[in-house]
Structure formats: structure tokens, C-alpha cells
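Presented below are the structures under discussion, each in the form of C-alpha cells.
Two complexes follow with subunit A in common, the first pairing it with subunit B and the second with subunit C.
This part shows the complex of A and B:
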């Protein structure tokens, strides 16, 4: 067993691009689910519109990076409005069904042959991140003990964690403001808030937009970090993973999604690497090497169930504060 | 902080042990499927019979290629290759992809390729050798995978259609096409309706939005595949057994997981997230044991259609439609005329009141789970008749099922039926104007629009939406 290698890879991934993407997606979900009690199952859609907004602007419209970012953010806001207007007056599970459907609509549209000229069909769009990397101050990669990052990844990760820090700061400031107290009150008892004369619908809509925009930052990192956007990266699995990250870390806590993302990717890669080595050694014989990736989904599904049943507040959460049954 | 983490770890450890048991039960059928398959191939190849050539019946894959009017087509080329390691009678292992054979159809349209041993083979039809004006009904389905038992023959058929690029409806008048698509859509709608009833009834009685319902649909197809293609039962018997097994497993799932959660007082939102985790777990357990390929049932694969007026229907689809309607009528009878059916509706309306008036709520819910899971399994079987069996088929149609349920009104069984039929027909008929790859987009859009106009659905009642 090459524990050094496995640990090194796990730490690298736990701090790497994927952890950043899921941290941002989960921070957005935290505003939706953790603070407001909105069941948004279309977070993948927010990441997708941002990533495609960026890529299409740069490749198809041939405009600079920052225009792409603006368009991506506007697309996320538009999506939030589109989702929120029909559903925010309804019960929570309606929002769940509509958001998951909307995310699928987006994925089916961008991968369609009909719109191939714009979105690139199932191949997606590639090679649009040159401008992003031209701003990089790093001239070499990073090698710090077991952690190895290439020159480009290092830049992505630095920008990514900066965005995570800023997002956390924003959420922290928002949630200790009067606005945040109304939002949390909506999670606990919507009718009580309504009886105090607050327009619950508008507050929910604002929360949906803010969470969606925070999630869309993850979409930008996803796009530039892998230098490509592909429709099937934005399938419902992404949303489910983000929920696992959020619930693991602790919904309704500022640092919950960040801790969740780091722990989640560390554990996932660690389990993956350990299993792969055990299979190669011949210690485990009932799994083939190509099935190792499937077994980690078992662990993912199982831990999502177990967390929700036995520890719904996650690592950081406070069970008393968080009424998960909020509608 | 520290005691909190410790208690969390302890709970995790205890829970892993407990829930592994549940996962094990629910996954038992596909687990048995895969081990049976592997065991069957190797053990049969090892029997003494295999050494005695004269006693061995030929292992082969065969089929017949016909045009849409069931006239045989000669001189069509097909390639056969093994998609997994197979063992020949002398015990030599042929690695996947090493065995290849090319064959042409004879004048009567038939073809056959002798195989070295039992296992999975993939058959590709060379569409360039089909006569002009004839293509595959589904151009993407030019390769099929077949599981051949040792000393048995496997059958592979390709559905052909008029028109080079398939899509059998091309070149016909719009009215004819609309009729054809409506009929196709009705069958698809019936399939969704079978899946939707369970989803809707479970939601009505327990409040659970079950995102793992699609896995019950998949399970039906997988168990049918197991009983028909691996155990070797006749297809209809295999399907019947599968529906029974899946119904019982649904009951077990409720007892072992959801019933306990209800008793613990877990909220409906928490249960929704649990169902997502459970769905992921089951899907990847299926993938692990079944593999990533789409496989056809040996029986009735690629059946030729019968022309009924302007509409082309395969006999298997007609039988499937009749069976689906029969089951839907039986469900309606159960809901309207039997004690437990009426009780289930009472629970949907008001669980506390139902319980107070002497209804054994948990028992009725368990029965709802059994029927719902059985119907979902039937939906999976019917869906697979035309689309093949794969590990995520239930998840693929889950959103459409939700669309049907929401359209009809969450929690009402009859609404689910009506909504599903509308969704099914609309998906198919919409291909008149939108490209087929986007047909599901239309259905999901309609779902969102319906929620804008009439959030309680067609048959739902206003106060349910809250």
C-alpha cells in the first residue's frame, strides 16, 4: 500500500478545484436550504448557465472574459426569477420538482444537436480559458510535501478559494443583518413572518437569487478549471453531491459547506485510492478496478441517508437552530 | 465540540451496520442476478458434458432481418463479437473482443453464428447493406447486446422501418404521423401511469416525495431480465414473478426503512433527502451487478409491427397496453371498492382522523407500498420491452413520472393516471414540431407552466397546495 501517494492525492483533491466548485455550489444551497428552507434541486442548472454563459460569450461571441462573467451572472439571476415566480408561493416539494426539471431542461437544451452551433452539443465548448490564465502571477506549479498543483491549477485554486472566502464573508454579513433574521424566520415559521407584515414571497425570491448567484461562481470555476464545459457535467448528480457536501458540513452554518466540501473530497478520493490499491493488490477480489468508482457512489448514497437520519445537522450544525422540516 | 463529533462518529458506525442490512435486502434481487450469471457461465462450462462434443448442443446467436412488412431481406451483413470474457468448451478463455464473426443473411432473411461459449455478445448490423429506402426504426440501435446461455441459442432482431434514417414515420402524411405518435404516446403514458400511481399514493399517504421511486421501476426490469434471460423462465412467467418479487421488496423497503423513519418522526423534507441518497445507492448497486450496457429481453426483441389502418403497432405493445389498462382498472377498483383502498384514500385526506376512526394506518401504508412497487415494476418491464434494460432507466423516466403526477394533482391516484397519459401523448406528439431529442424538454416545460396556472393539478384540490 502506497499510503503516501493516496494521502497526497486526497489532500490535493480536498483543497483542489473540485472542492472549490462544490464549496461554492453548497454555499449557494446553504442560502437556499440551510437558511431559507427552500428545496432547490436545480443547483446544477445555476452552475450550468454560468459556465455556458462564460464559454459562449468568449468562444461564440468573441468577447472578453469579464463580459462572459457578467453574462453568466445575469443568466443565473434570470434563472432564479424564472424558477421562483411560479413556485415560491407553493409548498416546498413543488419547488424541488420544478427546479430539478429546470436543471434537466437546461442540460438537454445545451446538449441538443439543434443548438450545436451555439453550445457545442454533447462535446460542449473547449479552450476558452486562455485569457483567465494570462492573468496568472504564478510562473511555476506548487509542490508542498504531498500536495502537487500544476501552474494553472494553482491559479484556479487561489482564485477559487478567494471567491469561497468572499462568499462566506457575504453570507456571514447577510445572515447577521435584519434581512438574515427574516430569512431564518421564514425557515422556521413562514406564517409567523407573514403575520408580522413581511412579504415572504419577495424575501424567498431574494434568497433564491443570492444563492443561485453564489452557486454560479462555482460554475465559472468549473468552466475555467477544466478549460471546458460539457453538458453532462451538469446532471442532477452534481446537485445531489452538493447537498451531500452541505449536509455533511452542516446546513445553516457559514463554514458548513466549506468544511463539507473539503472533507467530502478528501474522503471520496481517499476511499477511492484505498479501494483501487486493495483491488490491485488482490486483497479485495469481488470488485474489478473499473467498479471502484461505482462503490464510492454506494458510500455517497449511504452516507447521505445516514447523515440525514442520524445527524441532519452535519459536523458543524446545531440541531436546535435548524428545523429541517421547514417549508 | 469534541463530544459532538464523538457522538456523531458513534451514530455513523452504528448506522452503517444497521443500514447495510436494509441495502442488502433491497439489493438482493440484482445481487442474485449477477452472481447467478457469472456462476451459470463458468459452472456449466466446467461440467463433464462440455468435454463430450457429441452431447453438446450448439451455442449460437441467430436472428432474422425483415423489412417493415415482414418480408425477409437477404445479404445484410452483421458483425458479432464477445463483449465479455467467454470460455470455450476446451476451457480456453477468450478475452472480450477477441472473438469476431461476420455473417450475411440468407434468402429467407435468417442468419446464425456459432459461438465458442456462453456469455455476452454484441451484434452490429451494417446499415449500409440494408436495401435502399429501408433503415433501422431507431438509428441509434444498430448494436445490440445479447446474453447467450451455453448450449442455447440467443436471438437478436433489429426493427426496420421505411426511410433511410429510420424514424418509421418519415414521409407519411401529418395526420397519419400524428395518429401514430398519439398511439405511441398512449402506450408510453400508460407506462408512466403505472409508475406514477405508486409515487402518488405513497406521497398521499405518507407525505414522502420519493426520489428513489425510479429504482423500483428499474428493479422490475432487472428482475425480469434475471428470471427470463439468466434463470431461463418463459418471459411472461418471469415478468409475473418479477412483479410479485418487487411488490414484496417494496413492502420490505417500507417496513425496514420508511416505516422506521416515520416512527422516529423524521420530517418529510429529511425523508426526501434520504430517498435521494437511497436512490443513488440503489442505482450504483444496479450498475455494479448489471453493468453499464443496455440489454434486450431475449423474448420479443425487435418484433415486427402490424398495420392497423394508418397506425403501426407491435403485438407486444398491444399486449402490454392491455395488461397496463387491466392493472390500472384493478387499481381503480381497489381504491373505490375495497376496504383497504378506501382506507388509503382516507389516510391521504387526514391521517389522524383515519387513525382515530379505527384504520390501521401503518398496515394500509405498507399495502400501498406493495401495490405501488409492483405497479412500478410492471412499468419498468413494459418500458424495457421497447427500450431495453439498463441500470438507470427508472431514473430516466422519474422526472416524467413526477411531471405526470404533478399535472394530475399530487397525491391523487386518478390524477396521476390522467396526468401521465397527457404527458406521454404530449411527449410523442410534440415530435411533430420539435426535434425528437428535445421532446422531454417540452414535457418538463408544460409541468412548469401547469404549476403557474393550476398548481393543484387537474384533479387536485386547492387546499392540498397550501
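This part shows the complex of A and C:
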């Protein structure tokens, strides 16, 4: 067993591009679900509109990177308004239904043959990140013990974790303010908040926009990190993994989604590497190497179930607080 | 400037003293109560009767749920500065009427005004901002928030509740301090000061009722609407809760409350409105209303166990210190 290699890869992934993307997606969900109590099951849609907004601006419109970023952000705001205006006055479950459907509609739209000239169909859009990498100050990759990052990945990761840090700072500032107090109160009981003279609809809309925009930052990193946008990267499993990340780390905690993302990707790669080696050296004979990819999800799913049973509040959550929910 | 500070302190002292003795007696009587009773003395005892100085006027309010007419109030007025009890058997439409007046539900017909402002079609939060706040029959404490945060939420016009201002604490910190000071004052009055840092969800049912009421008072309302404030409250707390409600009248607020216990109604209210099957069936001062045959009928129809005719002074109300 080459534990050094397994650990090195696990740590690399735990701090890598995917962890950044899921951290940002989950920070957005934390604003929606963890603090405001909004059930957004279409977070993938927010990442998708940002990633496609960026790629289309650069490749199709031939405009610079920053214009793409602005367009991606505007698209995320527009999506939040589109989802929120009809549903936020209704019961909570309507938002859940509408968001999950909207995210799928976006994926099928960018995938469609008719719009192939703009969105590239099922192949997506590729090779548009040159400008992004031209800003990189790094002239070599990183080799720190077992952690290895290519020159490009290093730049993506540095930008990514900076965005994560800034997002956490924003969430922290917001949630300790009177604005955050209203938001958390809405999670507890909307009608009580209304009876105290607060425009609940307006606050929910603001939360939906903020969480969507934070999630969309993950979309930008997804796009430049892989130098490619593909419709099927933004399927519903992205949203559900982001929820897993959030609940693992602790919903309603500023650092919950960040810790959740790191632990999630570390564990996934660690299980993967360990299983693969055990199969290769003949210790495990009942699965083949090509089945490891599936089995690691079973094990991760099982671990999440156990976590929910023994630590339902997540790693950073407060069990006392959770117990109060029952009234 | 030290002079200003001294003057401000003195002002604060006077204000505190006033607040403390707001309900002190003039010739052994509560001033607010006397004013309300005098104002209502000449008002005829009949359903929908006009009041000399109404703060709330409702006209032709109808709410149907499918075939059921839950509320059908032809006319109702609430006298400013009074404590008015809204009574009636279960299912009479009291809670629905509350919901309609406060914008939590929309009537099929009718209009109503508060302080002369038409409220028809106004969202619940706007009604609250206009100075008419309510509590709920099923208490709505914000469980996973601290008691002090529950209280602070009640304050009006908070700068820090605006998104962009929220991220710059310098903009709202001062106001926040004064809000907390006010909250601490109310918590002390409602004997919840020791619970300040506890989660609201850890309070007892009665304490939650107190918290909900204290929280509503954070906005300095003109009118407070309490839906069964005494329900589920430990009898030891009932007396102080009654004291607090009487205090609101002494501070110039108008109170409309739903209550089933006739002894409570008799001891604190200046006027009673009786609802039955959605309609106002009787109005008047407590004693007159309770001997009204229409009221007894309405109650005996639904409530055989309630001894309304028992007019003996079974409860002697003692004022809070």
C-alpha cells in the first residue's frame, strides 16, 4: 500500500479545484437553506448560467474575460429574480419544485441542437481561458510534499480560495448584522417576522440573489478550472452533492460549507485510492478496478447516513440548537 | 458636554420614574382605565355601535372558506385607549377576524381603517408598521434565536436591516445599542431578563407568550392585538400578564384581545365584543354583556361546561407592584 500517494492525492483534491467549486456552491446554498430556510434544489442552474455566460461572452461575442464575469453575474441575478418572483410568496415547497425544474431546463437548453452555434450542444464550449491564465503570476507548479498542483491549477486554486475567503467574509458580516437577524428569523417563522413589520418577500428575494451569486462564483471557477463548459456538468447531482457538502460541514455556520467541501473531496479520493490499491494488490477480489468509482459513492453515502444518525448537525453544527427545532 | 449629559440623565430619570408609576392611582384608580370607562359610558349596548373616538373601524367584513362563512361582521369599532375583549365560542371566527384586520388573510368583502388609514389590500408587514401589531394564538417564538435577538427583531426602522448597510457595522452599531437597551428594559419588566441569552425555544409556554408580547412592544405600537394571550400560561404567570396588559392601556395603547376566561375578561376589559358564527352578536361593558341572553345562548350552544351565569366575584384582581 502506497499510503503516501493516496494521502497526497486526497489532500490535493481536498484543496483542489473541485473542492473550491463545491465550497462556493455550498456557501450559496448555506445562505438559501442554512440561514433563510429556502429550499433551492437548482443551485446547479446558478453555476451553469455563470459558466456559460463567461464562455459565450469570450468565445461567441469575443469580448474580454471581465465582461464575461459581469454577464455571468447578471445572469445569476436574473435567474434568482425569475425563480423568486413567482414562488417566494407561495409555500416553501413551490420554490423547491420550480428550482429543480429550472436548473434542468437550463441544462437541456444549452445542450440543445438548435442552439448549438451559441452553446455548443453536448460538447459545450472549450478553450476560452487563455486570458484568465495570462494573469497568472506563477511560472511553475507546486510540489509541497505529497501535494502536487500544475502551474494552471495553482492559479485557479489561489483565485478560487480567495473567492471562498471573500464569500465567507461577506456571509459572516451579513449574518451578524440586523439584516442577518431578519434572515434567520424568516427561517424560524415567516409569519412572526411579518407581524413585526418586515417585508419577508423582499428579504427572501435578497437571500435568493446573494446565495445564487455566491454559487455562480463556483460556476466561473468550474469554467476556467477545466477550460471547458459542458451541459452535463450542471445536472442535479451537482446540487445534491453541494447539499451533502453543506450538511456534512454544518448548515447555518459560516465555515460549514468550506469544511464540508474539503472533507467531502478528501474522503472521496481517499476511499477511491484505497479501494483501487486493495483491488490491485488482490486484497479485495469481489470488485473490479472499474467498479471502484461506483463503490466509493456507496461508501461515502453510507458514511453520510451514519453522520446524519450520530451527528445530524454536521461537523460544525450545534446539537442543542438542532434539538430546539422540535419545539 | 457635561451639562448636556447631566440634563440627559435627569431627563432619563424622570422618564423612568414616570414609566414606573405610569399606572399609579389617582384617587385609587387607574387613570387610563378611568378615561376609557368614561368615554364608553354613554355608548349604547348594541352590536356594531359607533364609539366616540375609534382607532379601528371595520365595515362589512366577510370571509368565506368554501361554503362556510367564517366572518361576517357588519360593523365594528374599537375605542382608542381602551382594552376591548373579543369573546365567543370556539369557531366563532375571532382568529380569522384578527387575521383579516392585520393583513394575514384577505376578506371576500369589506373595508376597514386604522387611525383613519384604509387597510384593505395592505400587506401584513405594512399594517404592523402603521402601528397595529398582533400576537398569535399558537405562539411564534423564534426558537433557534436568542431571547435578546427575538426582542431586537421587533424594533422599527433599523438601519442595519438594509442589505448594503448591514456589511458596515459602523452604520448600525449605535442604533443597535439603543435597541438592546430598550429590549433589556422590556425584558426586565416581563421578568425575562435572566433568560436574555437563552434560545427562545428553551422557554416555557407561558414565557414564550410573554416574550411574544414583549417583542411586539419593541415597535411602540398604537394598538396591540393579542390572540388568547392567557392560553397555556401557568396560573402563577397569569396575574403578571394581566398586569402587563393593563399597563399598556395606562401607556396610551389600545388593546384588543381574545379570551375565554370570563373572570379575566371582567377584570381587565372596558368593553366586550361577542362573536357567534362569524357575526358580532353583542357589545357592551363586561357585566352587561355577560347577562345578555343572546350571549348566553351562543355559549350554551357550544359550551355547556362554561358557567357564564356565575357572576359572583370569584376572582379578585390584584394589581402588579
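Following the convention adopted for this analysis, the second predicted complex is superposed on the first by the 307 of 327 C-alpha atoms of A that agree within 3 Å, B and C clash if a C-alpha of one lies under 4 Å from a C-alpha of the other, contacts with A are read in each partner's own complex, and residues count from 1 in each chain.
FYI, a residue touches a chain if its C-beta (ideal position, glycine included) is under 8 Å from a C-beta of that chain, and two chains touch if they have at least 3 such contacts.
None of the values given here were measured: they were computed from a predicted structure.
A.B. asks: Considering only touches as defined above, state whether A:189 meets subunit B (first), subunit C (second), both or neither.
C.D. replies: second
A.B. asks: So, does A:113 touch the first partner subunit B, the second partner subunit C, both, or neither?
C.D. replies: So A:113 only meets subunit B here.
A.B. asks: Answer with first, second, both or neither: which of subunit B and subunit C does A:101 touch in the superposed model?
C.D. replies: After superposing on A, A:101 lies in contact with subunit B but is clear of subunit C.
A.B. asks: Once the shared chain is lined up, is A:247 touching subunit B (first), subunit C (second), both, or neither of them?
C.D. replies: first
A.B. asks: In the three-chain superposition, say which chain, subunit B or subunit C, touches more residues of subunit A.
C.D. replies: Counted on subunit A, the partner with more touching residues turns out to be B.
A.B. asks: Of all the subunit A residues, which ones make contact with subunit B and with subunit C?
C.D. replies: Subunit A residues touching both partners: 324-325, 327.
A.B. asks: In the complex, go through subunit A and note every residue touching subunit C.
C.D. replies: Residues in contact with subunit C: 170, 173-174, 176-182, 184-185, 187-189, 191-200, 206, 320-321, 324-325, 327.
A.B. asks: For the complex, which residues does subunit B have touching subunit A?
C.D. replies: 5, 8, 11-12, 15-16, 19-20, 23, 209, 261, 264, 266-270, 272-274, 276-285, 287-288, 399, 402-403, 406, 410, 435, 437-438, 440-441, 444-445, 447-449, 451-452, 455, 465-466
A.B. asks: State the interface residues of subunit A toward subunit B in the complex, per the touch definition above.
C.D. replies: 39, 85-87, 89-94, 96-98, 100-102, 104-105, 108-109, 112-114, 237, 240, 243-244, 247, 291, 294-295, 297-298, 300-306, 308-312, 315, 324-327
A.B. asks: Help me check something: in the complex, which residues belonging to subunit C touch subunit A?
C.D. replies: Those in contact with subunit A are residues 102, 104, 123-126, 128-129, 133-136, 140-145, 149-150, 152-154, 156, 158-163, 165-167, 169, 172, 176, 199, 201-202, 212, 215-216, 218-219.
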